[in-house]
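Both complexes below contain subunit A, partnered by subunit B and then by subunit C.
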Partner chain A sequence: MAAISREEVAHLARLARLAVTEEELDTFSVQLDVILQSVARIGEVAATDIPPTSHSVPLTNVLREDQPRPGLQRDAVLAGAPDAEDGRFRVPRILDEEA
Partner chain B sequence: MTTTTLSLEDVLTRYEPVLGLEVHVELGTRTKMFCGCPTTFGAEPNTQVCPVCLGLPGSLPVANRAAVEATIRIGLALNCQIATWCRFARKNYFYPDMPKNYQISQYDEPLCFDGWLDVEVEPGRTVRVGIERVHLEEDTGKTQHIGGATGRIHGATESLVDYNRAGIPLVEIVTKPITGTGALAPAVARAYVTTLRDVIRALGVSDVRMEQGSLRCDVNTSLHPVGATEWGTRTETKNVNSLRSVERAVRSEILRQAAVLDAGGQVIQETRHFHENTGETSPGRSKETATDYRYFPEPDLVPLAPDPAWVEKLRAELPEMPAVRRRRLAAAWKLSDADMQAIVNAGALDLIEATVAAGAAPEAARKWWLGELSRVANEQGVELSELPVTPTHVAELQTLVDSGRLNDRLARVVLEGVLAGEGTPEQVMAARGLEVVSDLGALEAAVDEAIAANADAAEKVRGGKVAAAGVLVGAVMKATRGQADAKKVRELILRKLGVEG
Partner chain C sequence: MTDLTTMSAAELGRLIAAGEVSAVEVTQAHLDRIAAVDSAVHAFLYVDAEGALEQARAVDAARAAGQAPASPLAGVPVAVKDVIVTKGIPTTCASKILEGWRPPYDATIVERMRAAGLVMLGKTNMDEFAMGSSTEYSAFGPTYNPWDLSRIPGGSGGGSAAALAAREAPLAIGTDTGGSIRQPAAVTGTVGAKPTYGGVSRYGLVAFSSSLDQAGPCARTVLDAALLHEVIAGYDERDSTSIPQPVPPVVEAARRGAEGDLSGVRIGLVREFSPEGAEPGVVAALQTSVETLAKLGAEIVEVSCPHFSYALPAYYLIAPSECSSNLARFDGVRYGLRVGETPDSTLEEVMAATRDAGFGPEVKRRIILGTYALSAGYYDQFYGQAQKVRTLITRDFQAAFEQVDVLVSATTPFVAFPLGSRTADPYQMYLADLYTIPANLYGGPAISVPCGLSDGLPVGLQVMAPTMADDRMYRIAAALESTQEPLLSSQVPTLEGKTR
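Showing the complex of A and B:
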């Protein structure tokens, strides 16, 4: 049984705002399925006494003191923006018509 | 609209409301949650940003210790458990208010959980509101929608974004479902947010100003028929920006849902917007389901593991909670619940406490702040604390009255001078020449003159009609421009006329 369906891949692509063609959907769902099945095999050997790993370094409480530091100049900030107006980033319409 | 014809009391004989409140509090830290950018309110757009909060490639977040401690303090004040180990989570969504395309939040491992807050809805009626969780996340940028009607997102052709706010630490406080409150539901919602605001203000971790957005509230409401075991479908009302609106939003949403159910319809699970001008709600954007956010543990931040010693140190440093403080002061000042409520409602508690600390008797301090000063504040449309008079001034004024150097009338004139910025009460007295006449010779002369000028009244007093002395006292007070001690004047008159008072 496949670990991920073609529909799920299409859904994820939409959530990630990726324009995926029908052919790519076929390719990606097969490739992602291989990846997920491979990862699932780890679950078979890991016993219940091994907690899932989210971080590879054994650190906790890495904190910074509440001291302000200068950031970027606004010109530099907006230089990377596709468009700007009144010192703000200018972005296209956010909601689709039906929303 | 059918909603306007239903009354809340009537509706709540048939339906039981269930509420849930989500409150977001912007912390008052000097820097953002994950970078050292300043958080000054009202700065020029995009001048408090850096590679971290802009999500530029290669930048890495580091959590702010002060924000973590502030969140633990809030959790402790709300009687929560503090996690011994928890992680940040990445909430993925595409919306230009976050330049990273995700928000760092917490998901299934909140920093604080399972607490409660006692809320006094009316004198003698306390409701315990369960706290589901308190977690830490980052605020989003501010978007300004162009081209649509009245700045709304609907119909907008483009948006302008300022990322100064993006990354400011934000604490989310979620209640457990609030049930069994019946017709009190709107008042409970308001009292909860009010009490929560007071607690957070007492902790000193945020200025909690709803009108500036540093405290924001979303209200979840559902209705089910009385006696039903399953709860109804809930809606989430956003844009509730004042304490009064919290109450109105609950009320209007209960009435709206009741009308839908009465007509045999179904409530749709959706986000609704509250409108301050009409007091009603309208549908907002369709809500994305939780799974669409694809939360996963934030790989760029290591877990938080507050050890018990750290938590206990923070617990030991907690200030006195507002409800405890009110009870203590009410007892010390011998006030009823209603009296104390009046003081709190007037925003006079801190001022009266400081005035008492400066040496005034509680009753006198209360009289000045709730009387003359409340009247002036009301006239000028400002808060009591904004008046140019300090607790020290008020205490000094009362000392002058107590020592007999000012009478009530003169004290009010002196207060006018203080309010006009003429200095301390002593300075105003000196500058305006206001003081009760204590020179006995001058006073006796004034009494003699009054007796001579009012022979009829004097004769009546001599004949035993003591009440007639009022005319003579009035004459002396007039002659001294009110700057005499009326009681002393009366004694003098009676003695001179051979009548012992």
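Showing the complex of A and C:
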């Protein structure tokens, strides 16, 4: 049985904001199925009582004094953006406009 | 004088400090070499000749003014993987989504290299966003292995490793999430070290999998790697995962190891890294190296790490999950590409069109896989379970290091494979990282050092050490290196005038 269907891949791509083509969907669903069948082996390990590891550094909540310091130059940052206006990032339409 | 591009970084630094050669001459020699061979190798995505010569002139001027060298590597050129941001110099992560982007700041390690007088030659090729094991997933075309141009140079840091093997640079920076420094080093006959997670600042390293990513040094000798390690390592308040402890004495350890005495050192061989999955030539080279280490006085002990066989599946759940989250920042708003904008299009449509046009196939596969592993209903089964297995792998390491000082293995199960031979089946590509992934999950340091040839192609030995004991791996690697003729002295074919 397939671990993941073409429809599921299409749904996930939508969630991840990837406008994949029909051709990509065909390829990815087959490849992701192979990958998922292989990694599903992880379920064999009895680990119910084992705490999860999210990272390996012996540190939690690193804080520093809240002192003002210079940040990046605004214009230098905006120069790398696809579009800017009045010292801000310009984005495509976010809300449906009323006619 | 010997060709400057064949010398080690340590030698070059010494000659520059002594005034026997200028930093400009050294830099120009490497720029000339790049001009002569990079059309065949394609290790570089961007060469900053003007900037490099300017930095070299500054080193020469400081010396002329009577100043002491900023570091033992002052005036020595370095190539930087294109996942590290460099102020005003294009940084693409080998992705179309960042094509042409010039970052407004330098990564901490770039600042540190500049302060140490290193000369940055340019940016090296890689698998897109460091996802891959062959550099074939670069959006700007693959890098070719200098040993055999029909084969891959490893990945994701194939450009950095190939630049070293082709003598285009004596030093390079790589990043290692599942083996991207070590596996390319192994298949190009060079040295690559993944420091302890948290040992080298990641401020300015474009994130792929934040709990695993680590920047580190690439070189042609163990001492050179240690010298570069010392320049880039150490606490950085701009990276909240940076460990506030002194840098382990890696240079001293490399020098000590080169004396070739390993008496009193206990070296572990992991039983679960069975030879069945590896090529016979790789198994033979590992065997010979282990015998050599024993001759140098080390005691060889077999240890069991029962959960290592689950490292690959755990990694391919954790890394894609983190990648799906990290790469959400590429939204067509703040940097790089934006496509599909019309007066009627919404932000969401533009975002989806931009990401489809800007990301390549491996990045998309991993984003989708990660989105799946993190989604409601699958989280506990996949991502949660992988994090628990990560704990068990860490415990395996800790138990092993109760018995031995370091662990050794082959770096990768197979030598450089032909281009195109593993791209159709992504899981076959993933197997390249079988032996390198456990150290990333644990967070400990690991190094790959050349240990012989299989059918004329380089094989790497991996040395893994406990967290913050990076010095140990340098000592063992340097000891092995001291018993060998440098692989790269005579074996690499002539590249000048070659085309693919």
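What to note about this one:
We take it that the second predicted complex is superposed on the first by the 84 of 99 C-alpha atoms of A that agree within 3 Å, B and C clash if a C-alpha of one lies under 4 Å from a C-alpha of the other, contacts with A are read in each partner's own complex, and residues count from 1 in each chain.
Everything that follows uses one rule, which is that a contact is a pair of C-beta atoms (placed from the backbone, for glycine too) under 8 Å apart; a residue touches a chain by one contact, two chains touch by 3 or more.
Small disclaimer: the values here were computed from a predicted structure and weren't measured.
Taking subunit A as the reference chain, the count of touched residues is higher for C when subunit B and subunit C are set side by side. Looking at the shared chain after the overlay, A:D66 reaches subunit B, while subunit C stays out of its contact range.
Within the superposed three-chain model, A:V45 lies in touch with subunit C and out of touch with subunit B [touch as defined at top].
Of the two partner chains, neither subunit B nor subunit C is touched by A:S5.
In the superposition on chain A, contact is made by A:V34 with subunit C only, not with subunit B. By the touch criterion defined above, A:H55 reaches both subunit B and subunit C.
Shared-chain residue A:A19: touches subunit C; no touch with subunit B.
Of the two partner chains, subunit B is the only one that A:R88 touches; subunit C does not reach it.
For the contact definition in use here, the residues of subunit A common to its subunit B contact set and its subunit C contact set are 15-17, 54-55, 57, 59, 62, 64, 72, 77, 80, 89, 91-94. Per the touch definition, subunit A reaches subunit B in the complex via residues 15-17, 54-55, 57, 59-69, 71-72, 74, 77-78, 80, 85-95, 99.
By the touch criterion given at the top, residues 101-105, 197-198, 210-211, 237, 240-241, 243, 307, 310, 312-314, 316-317, 324, 328, 331-338, 340-341, 344-353, 355-356, 359, 361, 364-365, 367-369, 371-372, 375, 381-382, 384-392, 394, 425-427, 430, 441-443, 467 of subunit C touch subunit A in their complex. Of all residues in subunit A, only 4, 8-9, 12-21, 24, 27-28, 31-32, 34-36, 38-45, 47, 50-59, 62, 64, 72-73, 76-77, 79-83, 89, 91-94, 96 touch subunit C in the complex they form. In the complex of the two chains, the subunit B residues touching subunit A come out as 29-31, 35-38, 44-51, 53-54, 56, 62-68, 85, 87, 92, 94-96, 99, 143-145, 153-154, 156-163, 285-286, 292, 294, 297, 299, 301-306.
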